[in-house]
Structures are given as structure tokens and as C-alpha cells.
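Chain naming follows the written order as A, B and C, and within any one chain the residues start at number 1.
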């Protein structure tokens, strides 16, 4: 059973197509993210689901029923806004009670429900506080509580962590995931931050230029990207242009621009001998030293220390810059700027996508 | 689509009061005085149309002299308000400490809310023959008998500057307030002298405020009535006084309307010229806050 | 160090002295006008004969205090009626204009916006005569063609209200529009999303947010209306507001300390109102 279904949904503003025939299903109780760069149409998509924009074509179904003719204030989807949109002229309790009052529920029920939902988001007894008195994380939870008290079928979240500082953002990611678990409600989360999407979601749709590039679990997107865009956008990756020499058995031999050869998995079936391709290799599968299936020779340019995600920057002989993920950098090794090194990785770890030039 | 219907309906509901206001209270009345100004009474209930009223204005030196005098003094008052007001605005925006700034600004604003009449009355109490200045000067023996300080041009200009200088200060403060001190620092750092920094950095930055202030001040001065009459006496030769006289005392609406049109055309022309020369536009200068 | 300030201490003192002189210039006439309200004398002039409140409260000739002067009180009452009516109208129209120009897109919007500003740069005397002329034209036309007498189109309180409304609406539109521009439209969408009807969104979210601006627009309009002279002078009938009554008194009778008393009353009243509006405005901005 799906809580939310979108079917060839499109939105055009004049000649500009913001959302281009997007279809997806969100299973009940799951955490679904739409990941894409700014301007890819993800906000328009969410606003159509909430009812603030009318689709040019296509259908939106919630619990199997089309909501296209339902006005935004009658839809069973609630939304957490980018800047939360807590009402500054009301206190916390009034903010949460707002939707219940609109439904015309009686006073006793309202105050009972408000207290209960505040309990669940871990802020019991804060009804009388002013919104301005809350911290960023607390505001976040109130914004979610304000929606959840109405028991929506789907909760939409529009980059709600964007305004928070880095530390708090890290904590809120985990907290959001826990809240979703606790409420067992379907969350549709929009973000341009791939780490947010990967960390919290059951499924992620990667969106680019108004279209979905790929829908899958975070592991699938990371390990088995279906397009060059996904391979480049999800996680860090080295990206080298080149030309396919031969294709056989799902493997491509690539001549890299500027020199060097490698064998990689074919990412799509449009690759033929002689066609232009891009090779994607993640930094963490690269290692310095001999003995791998693919090899590139180069010179260490600099060492970027950042704890567990430290990098070695190597300039290959062909002129490409290579990021090598190497956690250990105690300074005693022979890897110093200027040193000649070999970089290696196995055939299965590289991925090749065709490029339309 | 029902939603676009709601949009249209609310647009009409919002536009209607605006249109009624602008058409009934601004456009049609202005056309009305334009129409009356072209009319000449030849007998009871009989009128001809033409430029006779304007011809009368041109052929009667006292009329156009009054207009010229009003214009000239308004420009003088505007310049003086700028010269007097700029240092004050600069002090409030750039020199005063945070706390005294708000207090100073408020002190400058409070007279703004006191009627012209009260302010002019205050000057009368101070400056007339039996007023404070005259009494004080007699007491310290500087003059032997009472002296009248009212009813001369200097007093009129002083009083007008007093009435309008706040309208110069307010836009200047809000523009200067937005200027980052680092701009001045950069000016010095790059080798500018006090004068060049002021001329090349501060003044250009404050230009929108200066233009806005000058326009408002000029309009208010040219259209003022109370201050010139009360401080300048009945012979102050102010153009609005002529309009009032034609309308109310002589009941000659035709020539009063002509004068009104001339004043409006003249002030609009000056405002237009000011905006043109400084490259500003009306909406951004007047509607800034 | 404040780079914007003069660097030599001599110049700094000169500057401070200038500021002081300016403030004295600002305060002098207000002080003079207010001071003689309390002088126990028949004329607003020196010498100082001792403190009295007679010019406010005395009910016996020759010193009739302002609160016993029937004409001044009627003027005050007229001013209040005009002020409240015109401010309420101007705030209502200004709110509509604010929504029109901040929320709606329509062809010719820029031109209409300039038209909205224009009344502020038309001299008040001209607004007065033009409305007088136009109203009289309508009234005369009605009388001649249909024989209808519409007296409210002749000089009087109604025309004064129209005349002041014609330029106060620009001021209120600008004040309210400035606040509406800062309003985050997501608040309305959030309320809609939580199930509120459009009317409810307006009543519970948008208007409460605008409240400080509505209030201060009302106060500003009221104060400007109360002190307005130029436009009012041309439109006034037998029910003159306070400023006109006071002017008449000044020109016809000459100045007596009762006028100082009225001045003092006006200064204190408008000072307090203006201060209140500033405080409310501050509070509103802080919360937003």
C-alpha cells in the first residue's frame, strides 16, 4: 500500500519546464528523500503535493485517492517549511493547536493532544513559551509537532535543516530519523545535501533538471549509480574524461584523456568502442602502492588532513588530479609532497558512463 | 479553475478602492482646476474658454513676481536646510554612540509632530516687538527700545528652515546609517584626505537621501502657507497666499485655479528636474521607508 | 576610534556645540509657546508674573481657560472627529493598497505605484482647492440638472475628511506596505497547510502580523490630520477644527495665553502619541 503516488507529474512555467513527467510511489511509513541540486525542481514538486502549485499534467494520489481537486487547506499532507514558518505572534501551544482549532475540535481535546505531542517530541510543558525563546533544534521539533498533531498521511519536509549550523545539523539528522520512526508516518524529505538524504532515508530519488535520474536505497545509489549524474552527485568521486576502446561483457576499456588506461564496469548500454565516456572512481577505493588491476602513475601534490576523511592529492602523469582517500597520515610514511607514487584500484570499482558531447 | 477566480475577485476588490481614491480625489479634481483655469466669466452663468487667465497672470507683474519670489526663496530654504541638516544627520548616523543616537533622533522627530501653527506661534512669541529676544536685548542694554524681529525675509527663511529641516534630516539619517564605516576607512587607507573622502565617498553615498530630502523640503516650502504669513506678515508675497486670496477673499475661482495649476506645474517641474539631474526616481526616493 | 568623527578634539567640541545649538533652535519656539501657558498675565510675553493654570482651567472672565472656551473645545471636538474618521479610512484604504502592490501582479503596476505616491508631492493647498472645485462642480451640476441639494459637497467636515484622506492614504499605504513586504509568505502557506481557510489565515496570521504597522499608520495619520492646515483651510466650513480655530483667533483677536495653553496641550498630546507609536513599532520589529 502506498501513501503517496505521483504519476507523470509535470509543471511548466511558460516555456520553462520545472518538473518533467515525474513518477514515484512512497510506501507507507517510509522515509523518502528527493535529492537534487538547487533549481532542479524539487521544491516545485513538493509544492504541488502540498497544493500550492497546480500540476500542468499528471496525477497525485494520497492513499490511493487523487487530491488534484482538493484545495491546499484540505489535503491530508502537512509540511515543515524551509524556515519552519512558526507563527511569531503565537506561543508554542497556540502554534501547535492552530490546525486543531481550524478543524474545530473542542478545547479539552486540543490541550490534551498538544500536551501529548509535545511529550513525544521531547519538549513537555513548553506550551507557554514564545517561539523566539526556543533554540534552533527546539523550533525544528515544534514545527514537526505542529504538523504531527494533525496525524497527516504524509509529512513533507522542505530542507528544514538548511538554516541550522553544522553541529546542530548533524544531531538533528539523527533526531529526525528517530522521530519518523516513532510517529511511523511517511516522511517526504527534500534536500540538496546528499549526506542528509543518505543517512536518514529508506529510499532516495535523485532529481536533476526536472527529472528523476534514479530511485533507490542509499546503498544502491552509492554503490550502483545508474547515471553519470548520480555517480557524481551522490558521494565523492574522482571523475575523469576519456574514450572507450572496447566493450565486452559489461566491462569497458577506457583510454583516459591525457594518458593512461583503465578497465571499468559499464554504467549504461550506450557505450560503444570509440565513444566518449567519463570514468568515476571513489577516493576510498584507491590505494597508493603496487599490485592492483588498474594503475596510474603520478606525483603527490599535497596532503589534506581531515581525520577519517583525509585525502592525498595526486597529479597523474596525464595531468588529471586524483583524490585518494587514505585515513592514516602520521607523517612518517614516504608519502610526502613531490614523491612519485602509483595509484591502484580493481576493475569492479570503477564505473564508466557515456557522455553526449 | 476556482483558484484563479478567487485571485481575480480579490484583485478587483483591492483595486477598486485604489482606483476610486486616485480617480475621484486626485485625477478628476486636478483636471477640474485645469478646466476652471481655462474658463472666463463674461456674464452671470456665461463663460468662454481660453487662456485669458494665464494671460492675466503674465501681464500682471505682481503675480509672476510672487511666483518667482516663492520659487527663489524655496530654493534658498532647501539649500539652507541641507547645509544645516547634513551635519546633524551625519552626527546622528555616524558619530553619536548607539544609545544617544536613538535619543537624539527622537528629539529631532518630536517637533515633527507639532503643528506648524504651534511652531510659528512659538517664533512669534520669541521674535515680536514684545517678545523674548527683544526684552532680553533691552535688559542687557544692547538696544534701547523694543525692536520688531518679525515681518522680514530673514525671519521668514529662518522659520521655513525650521519647519522643514527635519524632513531633510530623516532621509539623510536613514541613508547615512546604511553606510559602512569601512568605506571611510578604505578611503583614508587609499590615501584620501578628509575633504576628498567626504566629497568622493560620503556625499555620493548619501545622494539618494539628499535628493529625497531636497524634494520633500522644496515641495513643503513652496506649498507652505502658515509660516510665511505669520512670520512675514500680510505682505510676505507668498504664492499660496495669492491662491487663498483669489479663492476665498475675492471669490475669483478662475484665477485662483490658474494660480494653482501654475504652482503645481512649477513644483512638478522642479521635482522632475531634480530627479533627472541626479538620476533618481520618485518611487525609490520618496517611498524609501 | 570612530573614523567618521573629526580627529582633532577642538573640532569635536565645535561639532558638539553645533549639535547643541541646533537642538536649542529646535526646542526654542516649542518652549516659548508652552512656557507662557503658565504665566499669570494677559499677554504671552515677559515679565514673568508667576505660575498659574488659569489658562487651562479658569472659567471666569477675562481669563477663560482652554477647557472652558466653547469655540476651542468645539474645534478640538471637530479635530477629533475628523482625525479618527480620516485615519480609520486611510488605514483601511492603505491596507488594501499595501496588499494590492505587494501581493498582486498586474500590467502597469509601476505606473500605478507612482500614482499612489504622487499625492504626497502635490502641495496641500492645491489638493484643497482642487477637491473644493471638483466637489462644487458636482454639487452645482446636481443642483442645476436635478434640483438635488447635496450639502455635504459644500465646504465642511465631509470635504475636510476627503481632502486629508487624499494624501494620508499615501502615507498609510507606504507604512503598511513596508511591513507587509517583510512578511514571510510561508507563514500564510503554513497556516493554509494546517487547514485554515483563507479568511482565517488573514485574521489569525496576516493581520496580527500587520497590527503594529496598522497601529502606527493610524497614529501617524491621526497626528498629521490633527495638525494639518493647508488642505483643511480650503475645505473648511462652519465646523472648523482646532488648528483653524486657533489660527482665526490669532489673526482676528491677537495672541492670548490661551493659545499657548492649546499649544502646550497639542505638544504634549502629539508627543505622547508619537512616542507610543515608536514603542509599538519597535516591539513589532523585534518580534518579527
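The criterion applied here is as follows: a residue touches a chain if its C-beta (ideal position, glycine included) is under 8 Å from a C-beta of that chain, and two chains touch if they have at least 3 such contacts.
This is a predicted model, so every value here is computed, not measured.
J.: From the centre of chain A, which other chain's Cα mean sits the farthest off?
T.: Of all the other chains, the one whose centre lies farthest from chain A is B.
J.: Determine the chain that sits nearest the middle of the structure, using the mean of its CA atoms as its centre.
T.: Closest chain centre to the overall C-alpha centroid: C.
J.: Need the CA-centroid distance for the pair chain A / chain B, whole Å please.
T.: Going by mean C-alpha positions, chain A sits 59 Å from chain B.
J.: Determine the centre-to-centre distance between chain A and chain C, using the mean Cα coordinates as centres, and give it in whole Å.
T.: 56
J.: Can you work out the whole-Å distance between the CA centroids of chain B and chain C?
T.: The mean C-alpha positions of chain B and chain C differ by 16 Å.
J.: Counting only residues that touch at least 2 other chains, which ones in chain A make the list?
T.: none
J.: Identify all positions of chain C at which a residue touches two or more other chains, and write them in rising order.
T.: Those would be 198.
J.: Taking the complex as given, what residues does chain A use to touch chain C?
T.: Per the touch definition, chain A meets chain C at residues 50, 52, 72-75, 77-79, 81-83, 85, 87-89, 98-99, 102-103, 132, 146-147, 150.
J.: Which part of chain C faces chain B closely enough to touch in the complex?
T.: Residue positions touching the partner: 2-5, 15, 18-19, 22-23, 25-33, 36, 43-47, 92-93, 96-97, 99-100, 104, 106, 110, 112-127, 129-134, 137, 162, 165-166, 169, 174, 178, 198, 223, 226-227, 229-230, 233-234, 243, 246-247, 250, 255, 259-260, 263, 266-267, 270-271, 273-275, 278.
J.: Which chain B residues qualify as touching chain C in the complex?
T.: That would be residues 6, 10-11, 13-15, 17-18, 21-22, 25-26, 28-30, 32-33, 36, 84, 87-88, 90-91, 94-95, 104, 106-126, 130-132, 135, 162, 181, 184-185, 188, 215-216, 219, 222-226, 230, 240, 243-244, 247-248, 253, 256-257, 260, 263-264, 267-268, 271, 282-283, 286-287, 289 of chain B.
J.: What does chain C use to touch chain A in their complex?
T.: Of all residues in chain C, those touching chain A are 184, 186-187, 189-198, 200, 204-205, 208-209, 287-288.
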